[in-house]
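Right after this note come the structures.
Two complexes, one shared chain (chain A), two partners (chain B, chain C).
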Partner chain A sequence: MSQRFQITRAAELESLQVFRDFIAECCARHAIPNEIVFDLKLAVDEACTNIIQHGYRGMDPGSIILALRFEPDRILVQITDFGHVFEPDDAPMPDVTAALEEREVGGLGLFLIYQTMDNIDYQASDDGNTLTFTKLYRA
Partner chain B sequence: MEIQDRQVNGISVVQFFGSIDALTAPAVTEHLSGLITAGQTRLVVDLSGVDFTSSAGLRLLLVAVKETRSLGGDLRLAAVQPDVLKVLKISGFTNILKLFDDVNSAVASYG
Partner chain C sequence: MFKRLRLSLEPKKTAPTAEGISISQFIGDASLPVTLKALNSLPINPKMRLYRTLIPIQVLAAFDINPRTWQNPDKQPQVRLLAEEGSDRVKISAWQGDNPENEFFYLELADNPYNGIDLNFLVANDPASPKFHTDLDDQGRATLFGTVHRNLSEEERAMRAGLAPGQVREGLRCSQIVFTHIETFLTLLAHHAITLEPLTYASAWIFERRGFAYARGHQLMDSIQREFQPGGELHKALDGSTAFRQPEQWKTVRGRAWAIHDGILDVIDRKWDNLKMIKQVGRQAGVNTCPDAQY
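What follows is the complex of A and B.
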């Protein structure tokens, strides 16, 4: 049996801490290990930051819906917004082996999402954009 | 975000408290820039009180490290917490920055 939790907040930077706290609270109810909780917080933070900083550019301020679903062997995270469509393939990946002089400042957010989540799905429609993360874990 | 400054053996030690994300990063950047502009180019950042960082934190550290090193100094990290350390490792930052278990070791590393 799975359990689902959801909150909606304005797409502004002040909501980032709210989302992180929400994840922590939901995970605490399911005794999720700390490392998993942190991975979820990080991936959600990176995704929401992108939406906040770019998603509603040139549009009226919007919202972000964060939903978590807990299943016996995985946690599903859904992040929904109603702004511009994001094309993950357009974002450059950083070279994490590069020396300091060559390291570029950008591209880290998406990279961290790929590193911490087991699966990433993105669906864009006229009704909104939904990013779904899957995080596997052993109870 | 709460920030505390102190001097240890002529090295500027700055301690941040809380989470470094896109909201709080500008304040951290501003503070570090202020120190560097004031001539404090050998810095130790005490992260014992930081429980979370996103790529926003990584970005500002990268910029600050580049800046201090270009001025003949450095920015070294002390007491990095496990979750933050994980992010630094994943992103390859542990190969770029110098990390120490505690502030005293970080200060001593400047010789």
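What follows is the complex of A and C.
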């Protein structure tokens, strides 16, 4: 049986620590291994930073809704915001093997999400923009 | 899924733009959102059947109004529906007695530029409670909820009687059930959300409790909460300089709302404007920017 937790905070950098603590608290209730908790915090941090810095750009920041759903073999993370829509872009992922001076600025946040999460989905509709990712684990 | 960030600054349209809708279209794809403008193109009777869901039967029953006919026991009409063909909005008002201007309920929904639906107005007043003429200034001009002109003496009386800015009478305390009905109506039209701009701090607080999140202004609400705490700039500005800036007002939602209505946000270089709230159908955002609040 799944269990869902949710928290809503303003899209500002100060909220990131609140989200990290929330993830830690929810995961503790489900005895989730530390390395999974670390990955979740990292992915949520990167996704929310994008929303704060880009999604609400030029606007008085609105809300970010973070929801976690715990299932027997996976954790579903859903992040909803009401800012600008991120459009799909076919640009290549950053080349992390390149020399430091040859790398493009930015783009690592999403790379980290791809590296740490198992399934990623993004939907933009009239009721907000929702980024969903799944982390599989063995209980 | 995106690989790199690229922002679209123009939201996509929620529903297709349509001048009208036929019954066959209406009973077609039930997942396709329908605009109010399209709904308004229907003949009056099917239109009425749909819009009737917007007024809670409990509210009508409290005033002895038949929810099916919208008439009182004397067969007098007590509800008015304005949803003309070609219009992109619906207005519903209900009153008690002979004077339609003496409304106790007024609801206005409108299509927004992206074919989503905005809640423009929701007024639910207790007609038996005393009326405060905060809606007109001392020269008889409409104050537009105190946003254009103010009637300071009436506002002070209203505040002392326990009203919030923008109210002319005590509320009916029915917003929860009204929003349940609005959500049912939105679902009927296959919309996923409703948006609004809160008129006052007190109304934003109520909408938070009804499950709304902020599309704009969540950070402002957090700043207001922080600055009204002892030692904060707004707390310091409750200096008794006007009737609406008394020291104890920081403790209550209404007290803060009156101070904000009085322009106190100037001290933190902010204004009460440009806030936008959104309610996702079937979801509670759980926002609470004023924890442990007394109304």
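One rule holds in what follows: the second predicted complex is superposed on the first by the 135 of 139 C-alpha atoms of A that agree within 3 Å, B and C clash if a C-alpha of one lies under 4 Å from a C-alpha of the other, contacts with A are read in each partner's own complex, and residues count from 1 in each chain.
Methods note: contacts are C-beta pairs under 8 Å (C-beta built on N, C-alpha and C of every residue); 3 or more make two chains touch, one makes a residue touch a chain.
A quick note: this is a predicted structure, and the numbers were derived from the prediction, not measured.
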| item | value |
| --- | --- |
| Superposed partners chain B and chain C on chain A - clash or fit | fit |
| Partner chain(s) touched by A:Ala124 [first = chain B, second = chain C, both, neither] | second |
| Touched partner set for A:His54, first chain B, second chain C, both or neither | second |
| Partner chain in contact with A:His84 - chain B first, chain C second, else both or neither | second |
| Partner chain(s) touched by A:Phe22 [first = chain B, second = chain C, both, neither] | neither |
| Following superposition on chain A: angle at chain A, chain B versus chain C, Cα, nearest 10° | 130 |
| Per-residue touch tally on chain A - higher for chain B or for chain C | C |
| Chain B versus chain C as contact partner of A:Phe70, first or second or both or neither | neither |
| Partner chain(s) touched by A:Lys41 [first = chain B, second = chain C, both, neither] | first |
| Superposition-derived minimum Cα distance between chain C and chain B (Å) | 14 |
| Overlapping contact positions on chain A, where the chain C interface meets the chain B interface | 106 |
| Chain A residues touching chain B - in the complex, by the definition given at the top | 13-14, 16-17, 20, 34-35, 38, 41-42, 45-46, 49, 52-53, 94, 96-101, 103, 105-106, 108-109, 111-112, 115-116 |
| Chain A partner contacts - residues on chain B that touch it in the complex | 19, 21-23, 52, 54-56, 58-59, 62-63, 65-66, 69, 83, 86-87, 90-92, 95-96 |
| In the complex with chain C, residue positions of chain A that touch it | 6-12, 50, 54-55, 57, 59-63, 65, 80, 82-93, 106-107, 110, 120-122, 124-128 |
| Chain A-touching residues of chain C, taken from the complex the two chains share | 1-9, 11-12, 14, 33, 114, 116, 191-193, 213-222, 274-276, 278, 280-281, 285-287 |
